[in-house]
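Two complexes follow with subunit A in common, the first pairing it with subunit B and the second with subunit C.
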Partner chain A sequence: MAHPSQLGFQDAASPVMEELLHFHDHALMVVLLISAFVLYIIVAMISTKLTNKYVLDSQEIEIIWTVLPAVILILIALPSLRILYLMDEINSPLLTIKAVGHQWYWSYEYTDYEDLGFDSYMIPTQDLLPGQFRLLEADHRMVIPVEAPIRVLVSADDVLHSWAVPSLGIKMDAVPGRLNQTAFIATRPGIFYGQCSEICGANHSFMPIVVEAVPLEHFENWSSRMLEDA
Partner chain B sequence: MSDTIEEKIKNYRTAPFDARFPNTNQTRNCFQNYLDFHRCNKALSAKDQDVAPCDWYQRVYKSLCPMSWVARWDEQIENGSFPGKI
Partner chain C sequence: MLATRALRLVGKRAISTSVCVRGGHGVAKVEDYTLPAYFDRRENPLPEIRYVQTLSPEQASLKEKEKGSWAALSNEEKIALYRISFKESFAEMTQGSAEWKSIVAGMFFLVGFTGLIVLWQRKYVYGPVPHTFEAEYKEKELQRVLDMRMNPVEGFASKWDYENKQWKK
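And now, the complex of A and B:
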C-alpha cells in the first residue's frame, strides 16, 4: 500500500508491475541524465567569459544531436513495447471474478462454480480498528489464490467507475453495459489496496478496493464460508 | 463427441480464452454464450436430443456475465421482451 512521503511506486505484487517498475527506473534514469547534461551545458554557457561570434554551421555536431536522441528514443521504445505486448499475452486464467462498480461500493461475483456475490463497502473512519488504514479498508475483501492467473471482468451498475490496484499494476475502467477484461497473477500473499479511479459522485473517494491473496486452501475455505453466510 | 464435451464440462475451471473475442471488451463474449446456450437448448430439444452439451455455454456465460445481467435477460425471455434472436 501507499505510505507517507512515498516517492516511488508501491512494491510490485505481480510480474507485470515488476516490469513496469523496472521500465520506469530505466526511463527516469534516461530523463535524469539528459536533464543533468542540459543543466551542465546551460551553466557552462552562462559562466564563461569566452565568446565565439564566427560559427556559422557545423555538420558534425548537427549529426550527433540528431542521431543520439533518435537512438535514445529507440532505447526507450523497445522495452516499452515489450511490456505492452507482454500485457496482451494470451493467458489461461484459473478463476474469473467480476468487479462491478456501484455508487458507492464495489461488488464481487465468483460464479465459475456456485453463485457467490457480495458487496464491499469502505469501513468508515470511526469504525476502524487500531492498525487499519483510513479510507482504504473494506468490510469484504476480494480474496484470490496466490500465484494463480486471475481474470477480472470490470463493469459498472450506474455511472463510470474505475477498478485500480497499483501494486498489481492494474487500472480498468468500469463502464455500464460493458465488460472490460484484465488479468493478473499475484506473486506473493498479501493485502493490496486501491481506490476508485473515475469520478463517480459524492463518495468517489470512499469506495476502495482491497485484494487479499492467500494460499489455495485458504481461498477454498473462505469461499465455502462466504457461500454459507450468503 | 459427447464424451469429450462431458470431459470438458467436468474439468471446467473458468471460461477459456476465446479467439473470437481477443480484446479487452468481453461484453459480446458473455452475450454470445448466453444466446448460444438458449439456441442450443431450443435446437436440441426440437430434435428430441439430449441437451447436456449445452451446459458448456451455460458454464461460460455464468462465468463471464454479471448475475444482474443474467437475471434481467432471463426475465425478459420469460415475458417475451428479450432483444436477442433465439
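And now, the complex of A and C:
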C-alpha cells in the first residue's frame, strides 16, 4: 500500500507493473525536459533587452519545431505500444478467478476445481485490530499462489465498479452483463491493496480489494479451509 | 459632383485620407480608432504621428530652425524637439513601477486570511479524526507495514535496516 505523502508509484509486484514504472520514468523525463525548456524560453523572452522582438519568417526554426516534436512523440509512442501489446500476450493462466463487484463489496469465485465463493467486505473503522489500515482492510482476502499466472474475470452485479490493484498494475472496469479479462503474475509474496475505481454509490470509497500472494502450499491449505468453512 | 468636391478636399489633405467616400451618398463617419495614433512602445520605436500635434509659436519656430544645420541647435533645443515628437523617452517607458510590492503584500494578506479560515474550520466545523490517527495506533501501523515488507524494493520497507532495527542511514 502507499505510505502517507507518497509521491511515486508503489513498488511493482508484477512484471507488467515494472514495465509501466520504467515507461513512466521515461515519459516523465521527456515531459520535464520540455517543460524546463519552455520555462527557460518564457523567462528569456520576458527579460530580454532587445527591442526587435517580432520576427516574421524563418524556415529553419519552423522545420526544427515541427520535426523535433514528431520525433519525441515517436520516442514516447514506441515503448507505450510495446507495453500495450505485452499486456495482451497469450499466457496460460494456472488459475481463473471471478471478481464480481456489488454495492458495496467484492465477491470472488474460484471455480476451476471446486466451487469456492466468498464475499469480501471492508472492515469498518471501529472494528479494526490495532495496526490494521483504515479503509483498506477486508474481512476475506483474495488469496493467490505467488509466481503463477492468474486470470481474473471482472464483472459486476448491479452498477459499474472497477477492480484495481496498483502494485500489480491492474485496473479493469466491472461492467454489469460483461466479463472483462485481465491477467497478472505476482512476482513476490505479500499483501497488495487496491480500492474500487469507478463511482458506484454511497460506499464507493469503502469497498477495497485485498490480494494476498502466498506460496502454493499455503494457497492449497487456505482454499481447503475456505471450502470446509463454507 | 459631391464626390469630386470631396475628393479635391482629400487631395488638399484637408480631411484624412482614411475617409470612406460613398459614391454620391456622402462621407461615412470617421471613427477615432481608424486615424493614426500616438503610442510609446519599446518594440515599435517610431510612432505614426508626432506627439504634439498643434505647435505653440515657440515650438513652430523651433521646427523651422530644425530645417537648418543641426549643429547649430543647443542641447535644450534638441531635447525640446525630442519632446515635441515623443511623449516618453526609452528609459521612461521601459522603467518598472513599484506595483509589485502592493501585489505581494495583498497576496500575503490573502494567504494569511485563508489560514485563519482553515484554523476556524478545524475548530468549529470538522468532527474528531478517526482513532487510527492516535500516536499509539500509528506506531502499531508502522510496525505492521515493516513486518509485511511493504514496498521492499525501492519504497518504504527498503529504507528500514532489519538487522539493526533502525532506519537506514
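One rule holds for everything that comes next: the second predicted complex is superposed on the first by the 226 of 230 C-alpha atoms of A that agree within 3 Å, B and C clash if a C-alpha of one lies under 4 Å from a C-alpha of the other, contacts with A are read in each partner's own complex, and residues count from 1 in each chain.
One rule holds in what follows: contacts are C-beta pairs under 8 Å (C-beta built on N, C-alpha and C of every residue); 3 or more make two chains touch, one makes a residue touch a chain.
Not measured: the values here are computed from a predicted model.
Asks: Give one of first, second, both or neither to describe whether A:R178 is in contact with subunit B, with subunit C, with both, or with none.
Replies: Only subunit B is touched by A:R178; subunit C is not.
Asks: Give one of first, second, both or neither to describe whether A:Q132 is in contact with subunit B, with subunit C, with both, or with none.
Replies: After superposition on chain A, A:Q132 lies in contact with subunit C alone.
Asks: Between subunit B (first) and subunit C (second), which does A:R151 come into contact with in this model arrangement: first, second, both, or neither?
Replies: first
Asks: Is A:D115 in contact with subunit B, with subunit C, with both, or with neither (first, second, both, neither)?
Replies: The first partner, subunit B, only.
Asks: Should A:L216 be classified as contacting the first partner (subunit B), the second (subunit C), both, or neither?
Replies: Neither subunit B nor subunit C is touched by A:L216.
Asks: Once the structures are superposed on A, label A:Q10 by its partner contacts, choosing first (subunit B), second (subunit C), both or neither.
Replies: second
Asks: Applying the touch criterion given at the start, work out whether A:L95 contacts subunit B, subunit C, both or neither, answering first, second, both or neither.
Replies: A:L95: touches subunit B, not subunit C.
Asks: Spell out the part of subunit C that touches subunit A in their complex, as residue ranges.
Replies: Going through subunit C, the ones touching subunit A are 42-43, 45, 130-132, 136-137, 140-141, 143-145, 148-156, 158.
Asks: State the interface residues of subunit A toward subunit B in the complex, per the touch definition above.
Replies: Result: residues 90-96, 98, 100, 109, 111-112, 115, 117, 151, 153, 155, 157, 172, 177-182 of subunit A touch subunit B.
Asks: Given the complex with subunit A, which residues does subunit B contribute to the contact?
Replies: For this pair, the touching residues of subunit B are 12-17, 22, 24-27, 29-30, 59, 62-68.
Asks: Using the touch rule from the top, collect the residues of subunit A that touch subunit C in their complex.
Replies: 1, 3, 6, 10-12, 51-54, 125-126, 128, 130-134, 167, 188, 190-191
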